[in-house]
Structure formats: structure tokens, C-alpha cells
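Same chain, two partners: chain A is paired with chain B first, then with chain C.
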Partner chain A sequence: MDVDALPVASLRDVTKTYGQGDACVHALKKVTLDLYPGEVIVVLGPSGSGKTTLLNVTGGIEPVTSGEVEVCGQSLANKKPEELATLRRKHVAFIFQFFNLIQTLTAAENVSLIAELTQKSAGLHERVEEALSGVGLLERAAHFPAQMSGGQQQRVAIARALVTGPDLLLCDEPTGALDLDTGRHVLALLQAAAREQGRCVVIVTHNSGIATMADRVVRFHEGSIAQVVQQEAGEARDVTW
Partner chain B sequence: MMLALNEIRRGRGRFASIIAALSLIVFLVLTLAALADGLFFGATGAVRSTNATAYAFSPDAKGSLIRSSMTPEQVREVSSDPGVATASGVGVLLTAGTAPSGEYDVAVFGVQPDGAGVPTTLTDGRLPQPGENGTAAIDQELAYEGVAIGDSITVGTQSAEVVGVVRDSSYQLQPTVWTSLDTWRAMRNEVRPEFTGVTDDVNAVAIITDSGVTAEQVQSEVGDLTVLSAEATGLAIPGVEQQSSTLNSIIYTALAVAALVVALFFALVVLEKRELFAALKALGTSTRKLGAGVVLQAIIASAIGVVIGALASRGLGAIVPDEVPTLFRTETLITISIFTLVAGVVGAAFSLRRIARIDPATAIGGTL
Partner chain C sequence: MVTTHPTLRRKLRRDIRRSWPLFTALVVTVFLGVTLYAAANNAYKNLQASYDHAFDVQGFPDLFVSMADPNGYARWARQQPGVQDVRTRVQADLPFTVTSGSATTKLLGRIVGYPASGKPSVASLTPLSGASNPSKGEVLVEQHMADAFGLSPGDGLSISTAIGNVPVTVAGIASSAEYLWPAPSRQEEVVPYDSFGVLFVDEQDARAWSGAGDNQALVLLSDGTRDDSASESVLSDLSDGAISRGASNVMTRQQQPSNSVLQEDIDGFRQMAVAFPILFLSAAALSMYVLLTRRVVSERQIIGTLRASGVKGSALWWHYMSYGLWAGVIGAVLGVPLGMLLAAWMSSAYVRVIGLPSQLEQFAWLRPETLMVGLVFGVVATGVAAFFPARRAIRIAPAEAMRAESPNPKTGRSPLERIVPWAGRLPSRWWMVLRSIGRNGRRTLFTATGIALALILVLASVGLLQTMRHIVAVQFDQVATADLQALYSQPVTSTQVQRVRNVPGVDTAEAVVDTPVSVAYGDAVYATQLSAFDATTRMHGFITQSGSPMALPNDGVFVDESMTAQLPGLQVGDTVAITFTDTGDSVEAVVRGMPFEPIGAFVYASKAWLHKHVPQVGPGSVQATLRSGADAEAVRSKVTGFPGVEAVVETSALQTTFNQFTGLFNVFIGAMLALGGAMAFAIIFTTMSVNIVERERELATLRAAGVRFRTLAGLVGSENVVTAALGVVPGLALGVLAAQGLLRTYSNDQFTLPLYVSGWSLLLAAAVIMLVALVSQIPGLRAIRRMDIATVVRERSG
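== the complex of A and B ==
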């Protein structure tokens, strides 16, 4: 992690409120957080503490109620949905708990789908192969999601996320549907993306065992940051739960 | 786009159902259209395929050639009206004619060869010449049935030698025989003895208007006569307008059903893919791209439906008996293909709002 670098994303006094009046829920309360290139941040907290909401507002998927979010130097305030989509395509990628691969597309096609939208087709094929071999699935390029294990599908999803070269990788329970061994493999890939490619990786989880691989651990409690711990990161392949 | 294409390629079973439904509708529409065209063209050829731009009828005739009856003075009057370049009498007789190859129901048209109301669709031989009696040009349909140039067609004791063939000239679904006014009148007086002694009447007046002059403008000059454009004369033939409008309304309904089928299909597809679309949006796919994919799929499904439906309808056309007047026109095929594609796009467009409303946030965090 490069402490002198500009943050990839920064949140200033971000509040997110759902609903109105009596039914209103304060999902985030005055959250301030900077995310730097090359770091792995693990966000922990009980259910309903605002972890997913944090990812949503950081990725511009939901507007904030108040406060300021900046991604790669651009304020997300007053951006139209299509502009936000473009910004995400260029700078942000998501990893979902349930992979969300397209069943009718092969692994390689899933990986090239989003990249196709932004990037020149020249060399796309090579970049897709590179991304797949990066997650160790080159020989599965022509397989469909249904022919792969959960861990393999999540690795395809990581290849899909990384192929566009995002600055920020937002992962919501990426190992939530995986067993320990496959989970470690997936986490190691995410850690490598931060260490070797300088991407900022945010991992949201219930699972405090994962915290050992983080450069920074952020604990949420009822919509606020309860604790931030900067630490010497362990190896992802050593995490346990 | 790749996603849209691959889905069709790999999800053939599911797309087969929408394509089958569209094919059936296109088949129905094209077959009805062929029938509509067959009826329309078969009924109106004799007034569409001539050099006349309008026809004048006696006041009580309601625009019907057969009901109308006019004197030579009325013909002369019409020809002297401003805006009328040429006007000449037309006589019509629905009767049976005998040729060497058999007996046929025919419509005998008496026209003035150098005047108005003369067919412009000669395909073989020649038309009767000015002043020439006892010769005729026949509709192609009679030629198909075995009547040839050189044969004579006889009505009563009057006959005419076939000297030419014209196409698309039938009248009320009967093939026509085009002869001089005198020959027509001689035949008419044999079949309809009540006309014995009448030597100079006609049914109506065919008009070639000066360029830019409309039937309505001529109407204002001719007093109590009825003037209709050639097209309106076709529609005034009994049954033509009713048939066209009935068949056309069935066709439009079927096209609306096509749009509805496509709309329902894609509404289901989008409903089923909510989560996936949400994820793709989270990953930065725009609503526009997702919508374009759905519209592309609709276009492809409609296009395949058009091809299959068109082939099936042509197949049916090849086996229906000749008495059923069907006409497969390329123009109709093109129009209906375009309408079907538009119906498909309109149907798919109903899903666009639904796609726009899918919230990318629902892709993230299983807890919501």
C-alpha cells in the first residue's frame, strides 16, 4: 500500500437514510473513509450494520442522503445513472456473493462481456485469456457456469472484474457461498490484485476470520465506523474460519 | 449484443416458442393479405390497369359501371368540360363467352381504342384498332385457360377474334374481353333483348384528366353526373371496399397480437433476468445496452418468424385451388415484414421501462 498516493475513493460524512418518518432507517451515519490503491480493506460488522450500503454508495449504485463520495477524483454527486454506469465500467468492479455469471455464456464470454462495452476489440481476446489464466481457469474458457463449481464460478467473476482494469474492487461476501479451501483460493486472487496490480480491494464480510489478510480492518456498528485497525497483512491462503 | 445473440443461439428452445408464435401470426397475416390482394386486384383490374384517371357515371348508378347508363350527348358533354383531356364511352357486359377451348364467364368491355379506359397492360399481340370491329384483347387468365391469339370468342351469335393479351385486368373476379364499343353493344343486345334497337348508349365515361386535375375538380364541372377517380371506382365495385376493410382489420388485429405476444414474452424474460440485469448494471452496463439487446432479440425473432411465416404462406398458396383468388405480392410481403418487425420492436419496447427500473443495488448484498 502506498500511503502517499491519492485515494481511489473517498467518503466524507456520508449519510444514507432509507425510507421516511417513523419507518426511516439510518443505514450509514456520517461515514468518512479513504480507500487507497494497493490496499486490502476488510469491512466487518453485524447484519444490518451498513456494509452493503457502503459498497453501494461507493460504487455510485445508490445516491447518498448527505455527504460526499469521490471516485478517482470525480464527485458522484449530480451524475446521471448512465454517467455513473460509465464511471463504474472504467474504474469500479463488483464481486457478488452469488457470482451472477450469465448462464448462457461461456467463462470466456462472461469475462469479455463488460470489457467489450468499453474497450477496443483489438487484443480483447488476449486480455480475456490473460485474465482467465490469472485465475487459473484458462482450460475452462469454453465451459458454461453450470459446468463449474462455485469456487470456479467466483474465479470467473474475478476475471470478469479484473479484465477491465478497475481501480476499485468492491466485494460483497465473496466467499459467502464457498467452503474454506475454495474461499482461500478466491481471497488469494483478490489479495494478489491489490499487491501485484495496485488495485484497491474492499471485502465486506460477516466472517472475522478473513480480517487477517487485510491491510486495514474497518468495523461497522449500526451505520457508523466503530473501529479502524491498520495492520500487517497476513497471507490470504492462511485465513481460516 | 453478444449476450443477446448468444442467448438466442443457446436458448433455442425458449426462443423457438416465440418464433413459432410469430411465424403463425405472419403466416395468417400473409395468407389473409394474399386473399385480400387477390380479391382486390381480381375485382378492380379493369378500372386500375387502363389509361383512365377517372370515370363518370349516371346520377343513379352509385359509381357502378354496370348500373350506369349514358347517352352519347353526355359523353360529349364530359369531354368538353375543362380539366378533361380525353373522355370516351365504356360498355360493360357480364356474360358467358365460348372459345374453342371451352365456355367461360367473362366481362366484355367495349372501349374506344384511341380514347380513354383502354388497358395499358398488353403482354402479347395488340389491342383492337380504332374503327376495327370483331376483334378483342383478352385477359391473361383466359390465355392461361387455353384461349389463344387467333381463336374467336363468341357471345350469342356475335364473335370476336382474339388479337392480344392484357394482364391484371379482371373485373369482379371475372376475366375480361376488350373489344370495340360496337362489338360490345352487339353482344349486349343479344344477351339482353330489352336493349334491341339501342345503338349508341354506353355504361359510363372513362376520363383522362389534364395533369394535376382531380376527380373532385371534374365533378364540380359535370353537374349531376358522379365522377370518381379510377381508384375510387375500384373501391365502389360492390363488395370490394367491405372485403378489403374486413380483411385489413383482421390483418391489423393480428399484427397487434404479434406486438402483444412479443411484449409478453420479453416481459417474462426481463422478469426472469432481473437479478442478472441488476448485476450487469452494477458492473457498468447501461440501461441502453441492455434494452438494445432485448430489442435486437425481438428483431431477430420477428425476422425469423417472417421468413418461416412467408414460406408457409407461399406453400399454402401453391396448393389452394385456383378458384380461391390469392395473390402474393412482393410489396405486400415487404410491407407486412416491416410491420411485423415494428410490432416486435414495439412489443419489446414495453420491457424497456421495466429494464430501466431495475435497480443495480438489488444485485448486491443478499440481505435486501
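== the complex of A and C ==
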């Protein structure tokens, strides 16, 4: 983690509410947080504490109610959906709990599709191979999602996320559907993305065991940051739950 | 129709509310099918009932016999079993002169003898105004003629009779079931409205004016016999009896010109009452199947949970069936009354056009059988479509249903990739499109089928329109090339021809023979007309179906190609026996060619050939072509005034009459195109929406990755367009076949309708359907734009 660097993303007094009147739910309350390159941040908290909403507003797939979000120096306020899509294309990638791979495409095609569609197709074939090789699935490149295990599918999802070279990797329960060994493997890949490639990796989970691999642990409670712990990160392969 | 489980009933209501655009699309498709069924079926029944009533009230004959001694035949026929009554009368075609304002029109009309008092039991009239029977020196005018010339009781006109020009007074206007469609003969089913008229005259006047006695016997069967299966043999015996007594023409009720034309329209309505529901309800069924199958798949986990909780399979089955049945019931309940209203409007508009008197109308707004069948159509179509997904729902095992991923997702390489090795190097987005088409083969098949159904509807209509336009163009540009025909009372002399030729604006003129004949080949006999021209005539074109010219032979005759249906086995080179009705002469002639003529079925010969074999038959008319820019009305007026001219007919007037029919077709086609488009829209909208719902998570993931909306819309749009395109080729082929089938029903010995559809029309029809397919994606694409990415990406797949 480079503490002298500018933050990849900054949240200032971010509030997010759903509904109105008596049905109004405050998912985020005045949240302020900076995310730095090369950093692994684990966001912990019980269900409904605002963890996923934090990811969504940071990635620009949900608008904030008040406050300000900046990603790579660009404010997300007043940006049109297509401008937000452009920003994500250049700087942000998501990894989801249920992988969200396209069932009709092979592993390699799932990875290359994002690069093709985001118009980063120069040297595409090499980059896809490199991404798949990075997650240890080069030999599975021609397999369809239905022919792979959950862990393999999540590794493809990581390769897909990394192939465009994002500055910010937002992971929502990336091990939620995986067993311990498979989960460790996936987490190690994410940690490597931060340490070796300098990306900022944000992992949202309710699994406190994952916190040991984080450079910073942010605990959420009822939409607010309850605690921020800066720590010496452990190895992802030693994570247990 | 209730779900047996109250909570499932609530779920059903909410499901319908949540997916109301799709549910509405289904309801509309059912609604259109049922509406058109009810409209066509009731219209057909209204018209048939009205005709039947008119026939019943007026004693419309079952057999029309033309012969020299009809009274002797009538005496015999009255003794035959099944015969209710026989009436004899005079029928003669004579020239009329009608003066309306400053315009004098000469036309070839028809006088028909009618009793001076009382109502005959056979072939009576329905009086519309004035007297019910004609007195001596008076006439009852058939209503179409009265309308064409604005005649009313008290007006006068003159008839050129055997005893000279006779002025007569209009005593009344009447409607006759024989002339609901005023056609002089089977050979002339369509004539300009002011070129033919019928006058009903006192029987004694009729004999005196025609210069002959009764020449027609009209046979009426008893109701029991007509409705009996034996009626055919009774009519056959009566026909044989007539022929053996020297009848020159025997015509059944079905062959009667007016009835024949109107019956074709009724048959058209009847076919529409079958074809439309099939097309639309098939489309509704396909859409319902696609939609409900998707719902069952997406609710697999809910179904599993309910089944694991002990909910009965029958309750679940009924829950999904209910979704389909409600769409059918709502569509049918709305469609049947609207269809019945449409039928009432169509029936009224139709009978107004043909002039059926209101007292003969037998319209029923509510027909229980239409109501029942319409409801059953709607419910059965959607019920059958819902049955299979509903069955699939209860076959899902609870344990299997609880799995996150759909079992056995259909993935793998497409056949193209296996066949073409380098295809694997294509961009992934291409494979996303192509493999998505194959991922749900049944849905792709149904979408393509829906497109094909829409194309069938469109092409059948376009084929009908283009063929009608084409045959009118061929008939009047290449076949009937004369611009004007002057009919004379006596054989035409060369001086009379020259006189016409000298009229300013006339290019050339030629004496022409038109005489009634019967043509016999083998056991078959066909009554028609022989027309004789100069061998190098410019008044008539002889062409093959491909348009190549044929030269009229000096030795032998041409027989219209369509006559082969009436004279089975007849080929070029065969010999036919031609009997001239007016003289009784019979001549054997070699068929030298079979020209193609869309309208009519005639025999043609050169005047030289005719003069050689039957010299006593002389030319009765002069045909002329006009110079470009000539004042046709001035020419007509001039020729009308020439001595001996009984009537003048302009080819353009006939063409105008045909074009008016084409105008009606245009309206019909417009409606069909709109309905075809609506059907295509409903199908594509349903399958597209289902496609998007099914792939929502994939699309949301791509959006989260920063893929532009335009790019996603392009991918999804391409997939749907390719799927739609799969239906275009079979749709074009089936559409052409449907058009051919439709035209076949309109074809008879008088109308030869080979399908003519231009390549451009096929392309245009395909393009229109593809355009509809594109437009129908707009709601789905808007849904992608509005998609809640954050929510969708977190859902488990189903």
C-alpha cells in the first residue's frame, strides 16, 4: 500500500437512503472513506449494515442521496449513466458472489468479451491468456461455466475483472459461495492483484475470518463506519473461517 | 377458473400485474384472433342467411333452362319428383336508350317477362318503389340500373325491339335475387354499371318485343328436396331432361352468375373465419408457451420450496394454467362482442354495396354458436399453450428445484464452430449472439415460427393485391387492347367500320364477331362465346402466360387456357366440336393454341376461318383503338349517334370497374398488413422481453463492467434480429404458398389468377416484418437501460 499516493476513490459524507417517510431506510449515513492503490480493504458488518451499498455507490451503479464520491479524481455527482459506464470501463471492476458468468461463452470468451466490449482489444489474445494464466485456469480456457466448479468460475470472474486493468476492484462476498480451500485460493489472487499490480481491492463480507488478509478493516454498523483498523496484513492462504 | 390455493391466487394476480405489458400482448393477440373470427363468421352467416331468405322469399330457381320450347319442358318437369314449381318466361338482350339530363346512353340491356299481376312462385321480385308488377308499356327497373341512371317511377326510356323503338315508362323499381350482382352471363361477371341493365316487362310485351315466345324455364325444387342429399340426382335428371329436349343452356343455382360471384365472397368470409383464428391463436399460443415456460424456469426454486412444503401438484398446475386461461378468457370475452359488432357493420356495408333490400336482410347481432366457439377458441389456444409449462412445473423435483443454477444449462459449441474450424477465432461478442440463439432452441423456433406466421398473413394479402393488379394490367394492356366497342343491331358493313375509323381520335377500327357457342371435347361441353377478329388484329392480344405473343391462326381456333378445367384433357392439336347457338351449326376445329387470359374463357378464331365454316354469322360490333390523347368521351358520343349503333362500351369503363374492386382489396390488404405487423410485434415483444428477463444478470454484469448501453442494445438486438431472420425464409415460402391457396379459391373458369408477386414485394414484406421486429424491441431495450444493476447482480440465477 502506498500511503503517499492519492486515493483511488474517496467518499465524503456519503448518505444513501431508500424509500420515503416511515418506510425510509438509511443504508449509509455520512460515510467518509479514502481507498488507496495497492491496498486490500475488508469491509465487515452484519447483513443490512450498508456494506454492499458502499460498493455500489463507489462503483457508480447506485447514486448517492447526499455527499460526494470521487473515483480516480473524477466526481460521480451529476454524471449520466453512460458517463458512469465509461468511468467504470476505465477504472473499476466488480466481482460478485454468484460469479455472473455468461453461460454460453467459454472461460476465455467470458474474459475476452469484456475487453472487446470495453474497447481494450489491442493484444487481446495475449492479455486473456495472461489473465487466465494468472488465476491458474489457462488449461480450462475452452471450458464453459457449466463445466467448471464454483471456485473455477469465480477465478474466471477475477480474470475477467483484471483483464481491463482496473484501478479499483470491488468484490461483493467473493467467497460466499465457496468452500474454505477454494475461497483461500480466490482471496490469494485478489491479494496478489493489490500487492503485485498495485490495484485497490475492496472486499465486502460478513465473514470476519477474511479480515486477517486486509491492510485495513472497516466495520460497518447500521450504515455508519463503526471502526477502522489499520493493520499488518496477513497472507490470504492463511485465512480461516 | 380459480386457483385452489388462496395465496397462489394472490400470487397469480400479482404476477399478472407485474408482467402486465407481456400479459397485455398475449391478451391482444387472442383478442385479435377471436375478434376476426367472430367478425368473419357472423358476417358470413349474416350474408348467407340474407341470401337464403331472399332466395326463399323470391323463389330463386334451382335450375335455369334456356330452350326453344320451355313450356313443353315445364309440363314434364312439374311431374318430376322433388319439383315444387316451374315457370316459363321470355328473356332477351335488347338495346336500351336512356336519356338522363343532356346525356343519352345506349346500352345493351335485358328484358325479362314478368306477370302483370300477382307474385309468381318462382323468380319473383321485391318491389322497392312504385308498382309491384309491370302493365303493358311499362317496366320495372332493376335497382342497380335505376341507381346508375337515376331512374324513378314516371321516368321514360326506350327499348330497341323487334317491332322498332318502343318508348316505355318506369312503373317501379325492384330488386331481384338474380341480379343482386348485375352480371349478364358467366362470361361477363364484371361489367361497368352503366353498360348493362335489366327491365322486367309485361309478359305479352316481352314476347312482342323479343319477337319470340318464351325461351326460359325456371325450376324450383321443394325445400325438402333441396336440402336432401338426393337433390344432386334430381337436378341431374332435370338437366338431362332439358338437354334431351333441346336446351341450349342449363344452369344450376350455383352457376347462376350473380349467385356465383356472391357465393365466392361468402366463401372468402368463411375461409377468413378459419384462417384468422388459426394464425392469431397460434401466435398467441406460441407467445404464451414461451412466456410461461420462462416463468416456470425462473420460479423453479419457489416451486421446489412449495412442493417441499407439501403444496399439491394440482394446485401448482392450476396456478400456471390459470395465467394462460385468464389471457384467453379476457381476450375472447373482449373479442367476441367486438367481432360481432364488426360483423354487423361489415354485413351492412356489404349489402349496401350490392343493394340487398333491407327487408331481405337477416342479420343477427348475437349468434350463440359464434359466442361459444369464439370463447372456446381463445381459451383452448392459451390453455393448450399453458398446459405444457404447467406440467413442467409439477414435474420439478423439490430437491432439484432448490439448486441455485438451472440443471443442465444448454451450453457448448455451435454446429458452425464444429464445422468451420476458423470460426472459433471470431470475436466473443459474435459468439455471445450466435450461441444465445441456440441456448433455448424451442424459444428460437417459436419466435421464428411467429415471424413466419406474420409473413404468411402479410404475403397472402400482398400476393392477392399484386396478382389482382397484374391481371388487370395484363387484361387491359395486353389482351383487351381495343379502347371502344360499338354494338350494332344488324351485321356490320364495311361502310360502318369506315365511318368509325373516320371519327377524329380513332386510330383504327375493325369489325368483330361475338357469338355464343358451346365447345365439346370428349364428354365435356362448355358454353361460352366465340370472338372472331382479323388475323392481324390490333383489337385483341394473344399471349402466353409468360407474355410471349401468339398469332391468331387462319386454320383452327384458339381456346382460352382456363377452359382446360372445363374440358379436361384438352391440349393444343386436339379437335373440338363447336356448336353455334344462334344458327345450330356444328363445326370441328383444331385447337392451335391456348392463350392466357386472366378474365373470361373464350374461343377465338380468325374471321376468315369463321366465314369459311359458318358464313351466316356476321360481325355484330366494331372495335376501335384511339390515338394517344384522343377525347374518348367525344368519340363515344359521336359513335353512339351513328345509325344502327345499339350500345357503346368503353374498355376504360370496364377497367375502372375492376380498379374499384382493387380499391376494395387495398383496404383489405391495409388491414391485413396492420394485423400482420401487430402479430409480429406481439410475438417479438414477448420473446424479446422473456429473453431480456432471462439474461438480466448477464446484461447487468456487463453494464457494471462499464459496457455501453448502445453496445448491449446492439448485442441483444442482433440476437433477436438473427432469430427473427430465421423465420423469414420459411415465412416467405409459406406466405407464397398461402397466397397461391387463397388465389385458388378465387379462381374459376372466368378468373385465372396465377400468383404474381414481385421479388421487390418479397423483400419489402421481409423488410417490414424485420422492421417490426426491431421496433418491438424498444420496450425491452428501455428495460435494459432502466435495469437496477445493483439489485440484479446480487441475485442467484434461476
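We take it that the second predicted complex is superposed on the first by the 238 of 241 C-alpha atoms of A that agree within 3 Å, B and C clash if a C-alpha of one lies under 4 Å from a C-alpha of the other, contacts with A are read in each partner's own complex, and residues count from 1 in each chain.
Throughout what follows, a residue touches a chain if its C-beta (ideal position, glycine included) is under 8 Å from a C-beta of that chain, and two chains touch if they have at least 3 such contacts.
Everything quoted here is computed from the prediction, not taken from an experiment.
> After the alignment on chain A, I want to confirm one thing: do chain B and chain C clash, or do they fit together?
clash
> With the two structures laid over each other on chain A, which partner does A:E109 touch: chain B (first), chain C (second), both, or neither?
Both partners, chain B and chain C.
> Quick check for you: in the superposed arrangement, does A:G48 touch first (chain B), second (chain C), both or neither?
First partner only, chain B.
> Please work out whether A:R88 is in contact with chain B alone, chain C alone, both, or neither, and reply first, second, both or neither.
It touches chain B and chain C both.
> Considering only the touch criterion stated at the top, classify A:P145 as touching first (chain B), second (chain C), both, or neither.
second
> Do chain B and chain C touch any of the same residues on chain A, and if so, which?
Residues 52, 56, 59, 61-62, 81-82, 85-90, 92-94, 96-98, 100, 102, 104-105, 109, 112-114, 116-118, 160-161, 164, 172, which sit in both footprints.
> Within their complex, state which residues of chain B touch chain A.
2-3, 6-7, 10-11, 275-276, 279-289, 359-361, 363-368
> Considering the complex alone, what residue numbers of chain C touch chain A?
Residues of chain C touching chain A: 404-405, 408-409, 411-412, 427-429, 431-432, 435-436, 438-439, 697-698, 700-709, 711, 785, 789-790, 793-797.
> In the complex formed with chain B, which residues of chain A make contact?
Those residues of chain A that touch chain B are 47-48, 51-53, 55-56, 59, 61-62, 81-82, 85-90, 92-94, 96-98, 100, 102, 104-105, 109, 112-114, 116-118, 160-161, 164, 172-173, 176.
> Which residues of chain A touch chain C once you look at their complex with the stated criterion?
It comes out as residues 52, 56, 59, 61-62, 81-82, 85-90, 92-94, 96-98, 100, 102-105, 108-110, 112-114, 116-118, 144-147, 160-161, 164, 172, 177.
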